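Below, each structure is written out as structure tokens.
Each of the next two complexes has chain A plus one more chain, namely chain B in the first and chain C in the second.
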Partner chain A sequence: MLKPHIGDSVLRHEDARFLTGRGTYVDDITLPNQAFAAVLRSPHAHARINGIDASAALAISGVLLVVTGEDWLKQGFGPIPTKSAVNKKRDGSPLNEPPRHCLAIGKARHVGEAVALVVAESHAAALNALDAIDVDYEALPAVTDARKALEPGALLVWDDIPGNFCLDFELGDKAATEASLKASDHVVELDVVNNRVTAVPIEPRGAIASYDAKTDCYTLYNATQNVHANRDTFAEKVLHVPKEKIHHIAPDVGGGFGVKNGVYPEPALLMYASRKLGRPVKWINTRSESFVSDSHGRNQMSKVRLGINKDGKFQALYTETIGDLGAFCWTVGPFTPTGGSARTQGGPYAFKAMYYCSKAAFTNTMPMDPYRGAGRPEASFQIERIVECAARKLGFDPVELRRKNLIPPTSLPLKTAMGLDVDCGDFPQVFERTLALSDRAGYAKRVEESRRKGWLRGFAIAPYMECTGGGPKEFAGVRFQKDGSVELAVGSQSTGMGHETSMPQILAARLGIDFESIKYRQGDTEATPLGGGHGGSRNLELGGNAVHQAASEVIEKGRKLAAHQFDTDEAKVQFEDGHFFVPGTNQTMTMREAIEASFDPSKLPEGMAPGGLDANTTYERGVISIPNGCHAAEVEVGPETGVVRMVGYWVVDDFGTIINPLLCDGQVMGGTAQGIGQALLEVAHYDPESGQMVTGSLTDYALPRADTMPPMTIEYYEGAPTKKNPLGVKGAGEAGCCGAPPAVVNAVLDALKDYGVTHIDMPLTPEKVWRAIRAAR
Partner chain B sequence: MPRISLTVNGKPVAHEVEARTLLVQYLRETLKLTGTHVGCDTSQCGACVVHVDGRAVKSCTMLAVQADGARVTTIEGLAPAGKLHPMQQAFHENHGLQCGFCTPGMVMASVALVQGNPDPTDAQVRHGLEGNLCRCTGYQNIVKAVLAGAKAMRT
Partner chain C sequence: MHDFNYLRPKSLADAVAAFKNAGDGRYLAGGQTMIPVMKQRLASPSDVIDLSQVPELKGIAVNGGIVAIGAMTSHAEVAASKDVQAAIPALADLASGIGDPHVRNRGTIGGSIANNDPAADYPAAVVGLNATVVTDRRRIAAADFFTGMFGTALEEGELVTRVEFPTPEAAAYEKFLHPASRFALVGVFVARTKSGVRAAVTGAGPCVFRETVLEQALTRTFAANAVKNIDIDASNLNSDIHGSAEYRAHLVGVLAARAVAKAR
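Let's look at the complex of A and B:
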């Protein structure tokens, strides 16, 4: 019997199966009579497809089906539309959206684009067939850099989209910002590149589609983060079937980080193939394919201008960004360099005026979609780099300069110049606590110790302020069973975050029932009528509050039932600590007793059916919440090698109410690791001549390893639970990616300050750091 | 097709396999032991680590025929049914896993690491796990779990 509270570090329920090899990921599912699919992907960044001859492939024993783009169009299937919340240009006209079909039509526009689908009796036969398909490609020159793509005369990714231009965007008061810059004592300017990266969840994408001719329904098992939204698109936009005809199930999903949120072509292809062949069809992406067919993230090129006065007070911030979209508008790709990056401009600092504008361009590269943070890490990196740059150029102490400009708690609540509702928090206290944890007093000694070993030591602090996002509604269903168990179904979805623990923890804490009695369901369009899946650090804010709301409804119904049992007025019945009671009497009833009574018709009040305590509820968000915090990093840099070693790391986060500190720590550590990866190691690099992704394997694309990571200290500031939602939570999943890149990069530049190195673009690989040192010497 | 006989999780097994079959394919597809995962195609990620004659091996990098006559242990056979090995228990108690996909390989690599070095330092654990990638945890709690698991294995 485990009766947890909010704030307890409850150990995870899901661990038992994951630790013993009993997890069920999509590749672990085998359906009777299943066939195997493989995808033929474009080897060219840009090529005309003059013809596809599949006859040799179809002649191979065991090959069942080859589907080409022409076959696909003949079926009348539709393209996958973008659902970017920003979908108009500044002039009000719709964004330029090229058709994104599930297979290349006429031309391939990036390496890895799906050109044909093969289905065979065995995986090996499908692979053999891929090699036997003869595609008549006519290779064309490619453009892989969004800045070049927007230049006059650039070659076109889409013939009918002039200038490779998708849309432009602005937010803030341009005139006021320009005036404020003009009036500032100094204007500091910096070009900031946010490197193209990709999420690399360790489980590759994969799916199994099974069509049942009797019911004319599809069952789709898919390694996705978002079963409802993706089902709707497959049904309504691509296959043109009623959405009720697709049962979409995400089994255990091995990491997502945004990359499994979007709508991909392969599941739709599998559903068609399954219907055509009358048998289930399975496909699992290889890692090599994942690098060129999973969405990429970031890749923004920005010019940042900061107006600052002699006293060090920030005045104005003006940011111009070019965002790369890749070859298509992916599911919500155009939102990231526009609205997604604009909202949290300026971070936790006070500004008189801010202005953000951007342009998004098409290139012959894998399209972009949200990756952990989707715009907020970019904004955080921009402000923290320009602040560090200003401190260096104008002779301010970087810590003092930040301290001087943090929004004080007395200014809250406020609406930022970007329109963001900052309701509560204490940025100065979080900042000072981070500094204190990082032992500034002992720093000089540590610098000396490093020096004696031949290493340069650097320190940086990076306060951040971000926001939540994702679907604004969430469903929670609480269904009591006669055997004493409770089914809790929520439409948000874990890809590793531990919802199977945190969500039942909230329910058990509210109702005072046994945590172990709760059976959790997620990632299944038949478990909940709606669901927002995972994205935008939304689960506790949406899913958690939906569970909270469902629990409140259960309690209300329970009070009715208890009043009937106590033979008293409902208004007199209170609920606390798992008990219904009437104050001043000895009448009491536990929630468990109320649940049991709810199945006994003789004990029910009028109008309540057996099992009548069930609750099915939809929680809707009012205003997005504002997670914030501060990261500090210490690094050592080898002056002869350019190697960066992470040697100290401190984080203080304000996520409002902390439901489960153990799981929250996991989010902070994981997000920070991805941020450190982006800062030091990772880049999805395209060769500008060939358009090939040259970091397209785990041999070339460097992920953080255990020895990349420093010792970390994490604390939470819990003095400001938000009133924007009943639980007071602010969202925790993406914060690490906001704080870590600027903390790490600025710490490395601090270590190199005696060489006069002021800027290196991420990732700060040994080669780049070494070259910067050599160039400065 | 060659015929192989080996012991997997204490049980003798024998099958005819295509010569090109990888050990991981044999475990997952023939024996239906799906706890061993495949996360890459270049032997980098380590999700497929199993023990072959007591040594940690990336089972995507070994042919099934090379395991003929060997004693193989997978994550399913690390502890008796219904029980956890001290390393599995340590991963649970220290939140050393999130999505769980890298976990079987990570646990198997950790057990072998500790069997070779019963009292490793933090740095030795980090170095010892460089062949295993995790994208969720940032490794902090994995390292903590391995140190706790090592302590539990010593006592």
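Let's look at the complex of A and C:
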């Protein structure tokens, strides 16, 4: 019996299953008579497809089906539309959106684009078929750099999209920002690049589609983060079937980080193949394919200008960004370099004026979609780099300069120049606590110790302010069973974060029932009528509050039932700590007893059916919340080789109410690991000549490992639970990616300050660091 | 992976015979290179001849200044061997830094040198210590064994049975990790032996090589300072996004100095 409270570090319920190999991922599912699919992918960055001859493939024993782009079009299937919330250019016209069909039509536009699907009796036969398909490619030159793609005369990714231009965007007061820059004592300018990365979840994407001719319905098991929205797109836009005909299930999903949010072509292809063949069809992406067919993220090139006065007070911030979209708009690709990066410009600092503008371009590369943070980490990196640069250039102490410009709590609530509604928080307190944790007093001694070993030591602090996002509604359903068990179904979805623990924890804490009695369901279009899935640090804010709201409804119904039992007025019945009671009497009833009573018709009040405590509720978000916090990093740099070691790391986060500190720590560590990866190691690098992805395997794409990580101290500031939602939570999932890259990069530059090194682009590889040292020497 | 016949000979003679009888045979040692390559369908042998049950390929023996390591000895066994640690600590140290525990428990010295990955660690020790590669049919001097990128002097079906390392007076290996693969972006093995100083470099070029500039400097003075800022010719070195030829050349000097400093 476990009766947790909000704020308890309840151990992860799902871990026993995951750690002993008893999880059920898509690849663990085998349906009777299933066939195997494989995808033929373009080896070219850009090529005309003059013809596809599949006859040799079809002649291989066991090969059942080959589907080409032409076959696909003949079926009348539609393209996958983008759902970017920013979908107009500055002039009000719609963004330029090329059609994204499930298979390449006429041309392939990036390495890895799906060109054909094969289905066979066995996985091996499907692979043999891939080898046997003869595609007549006419290779074309490719453009892989968004800046080049926007230059006049650049070769075109899409013949009918002039200048490779998707859309432009602006936010803030341009005139006021320009005027404020002009009036500032200094204007500091810096080019900032947020490098292209990809998430590399442990479980690659995969799916099994099964069509049932009797009911004319599809069951789709899919490693996705978003069963409802993606089902709707498959049904309504691609296959043109009623959405009720697709039962979309995400079983255990092994990591997503955004790359499993979007709508991918393969599941739609599988549904078609299953219907055509009358049997289930399974497909699992390989790791190599994942690098060129999972969405990428970041890749923004920005020019940042900061207006600052002699006294160190920030005046104005002006950011111009070019965002790479890859070859298509993908699912919400255009949102990231536009609205996604604009909203949190300026971080937790006070500005008189801010202006953000951007352009997004098509290139012959794998398309972009959200990657953990989707624009907010980019913005955080931009502001923290320009602040550090200003401090160095103008001779301010970087800590002091930040301290001087943080928005004070007395200014809250406020609406930033970017229109962000910052309701509560205490940025200075969070900042000072982080500094104190990082033991500044002992720093000089540590620098000396490093120096004695031949290492340069550096420190940086990076306060950040971001915001939540994702679908604005969430469903929670609570169903009590006679046997005492409780089913909790929620439409948000875990891809490893631990919802199976945190969500039942909220329910158990509110109702005072046994945590172990709760069975959690998620990721299933039949478990919840709606669901926003995963993304934008939304689970607690949406799903958590939906559970909270469902619990409140259960309690309301329970009060009715208890009043009936107590033979008293409902208004007199209170609920606390798992008990219904009437103050001043000895009448009391536990929630467990109320649930039992709810199945006994003789105990029910008028109008309540047996099992009548069940609740089905939809929580709707009003305004997005503002997670914020502060990271501080200490690094050591080896001057001989340029190698960087993370040696100290401190975080204080304001995520509002902390439901489960253990799970929260996991989010902060994971986000920080990915942030360190982006800062020091990772880049999805394309060869500019061939358009091939150079880092297309784990022998070249450098991921952070356990030994990359520094010892970390993580604390929470819980003094400002938001009133924007009943739980007071602010979202924790992506914050690590906001704080880590600037903390790490600025700490490395701090270590190199005596050499006069002021800027290195991410990732800070040993060679780049070594070259910077050498150039400065 | 394509279909293949799986054979598990119980003796050296059977293994060699199995290869002779096969249409397109391949020996399988730890499988750490071979299995991934087969999975990617870059190799599809008709016959896979598993060497794990061949007794002649096993064991470590130290005798008369020679450390003989059977081809099927895993990296973990070499790293943990008290005999190797005592005779050539640098060799045990090198083995302990290959890959991860999984790789070290499966991967073998025979497989590693037969494969001759340009970034592999063992080739640096074989060349640096002037070892002799013993096969089912002859003895091959280190200088003749590694012939180019993934190339060796091994003939069709020739089976490495052991590697014989003469014990040096002092030796050490320094490896700069490739940030993604953690093979050697550059690795330098230095050895002071009765017949002179040797310095072998892996990772930096298409194939392991002796760096004469290092050897000359270290012959004059076997000290870190002698090579620390030495000029290494970058013209034949590898260049990729993880390290330009110039950077690799620089690392050769840095690592050589570190190796000399810790050589014992």
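Note that the second predicted complex is superposed on the first by the 777 of 777 C-alpha atoms of A that agree within 3 Å, B and C clash if a C-alpha of one lies under 4 Å from a C-alpha of the other, contacts with A are read in each partner's own complex, and residues count from 1 in each chain.
By our rule, a residue touches a chain if its C-beta (ideal position, glycine included) is under 8 Å from a C-beta of that chain, and two chains touch if they have at least 3 such contacts.
Everything numeric in this text was worked out from a predicted model, so none of it was measured.
Participant: If you count the residues of chain A that each partner touches, which comes out higher, chain B or chain C?
Facilitator: Residues of chain A touched, chain B against chain C: more for B.
Participant: For A:Leu698, is the partner it touches chain B (first), chain C (second), both, or none of the two (neither)?
Facilitator: In the superposition, A:Leu698 touches chain B and chain C alike.
Participant: Of the partners chain B and chain C, which touch A:Asp27 in the superposed model: first, second, both, neither?
Facilitator: In the superposition, A:Asp27 contacts chain B only.
Participant: Classify the contacts of A:Leu127 with the two partner chains as first (chain B alone), second (chain C alone), both, or neither.
Facilitator: Only chain C is touched by A:Leu127; chain B is not.
Participant: Does chain B (first) or chain C (second) touch A:Trp770, or do both, or does neither?
Facilitator: second
Participant: So, does A:Thr672 touch the first partner chain B, the second partner chain C, both, or neither?
Facilitator: A:Thr672 contacts chain B only, not chain C.
Participant: Between chain B and chain C, whom does A:Leu681 touch in the aligned arrangement: first, second, both, or neither?
Facilitator: second
Participant: Thinking of the overlay built on chain A, is A:Leu662 touched by chain B (first), by chain C (second), by both, or by neither?
Facilitator: First partner only, chain B.
Participant: Under the contact definition given at the top, report the residues of chain A touching chain B in one complex and chain C in the other.
Facilitator: Looking at chain A, the two contact sets intersect at 288, 698-699, 703.
Participant: Applying the document's contact rule, which stretches of chain A touch chain B when the two form their complex?
Facilitator: Residue positions touching the partner: 11-12, 14-25, 27-28, 30, 199-204, 252-255, 257, 286-288, 495-498, 662-663, 665-666, 669-674, 697-699, 703-709, 711-712, 736.
Participant: Looking at the complex, which residues from chain A come into contact with chain C?
Facilitator: 124, 127, 131, 288, 640-641, 643, 681, 683, 685, 694-695, 698-703, 765-767, 770-771
Participant: Help me check something: in the complex, which residues belonging to chain C touch chain A?
Facilitator: Chain C residues touching chain A: 1-3, 40-41, 176, 178-181, 183, 240-244, 247, 250-251, 254.
Participant: For a test of understanding, state which residues of chain B touch chain A in their complex under the given definition.
Facilitator: Per the touch definition, chain B meets chain A at residues 28, 32-42, 44-45, 47, 74-76, 78-79, 84, 88, 91-93, 95, 97-104, 107, 122-123, 125-127, 129-130, 132-143.
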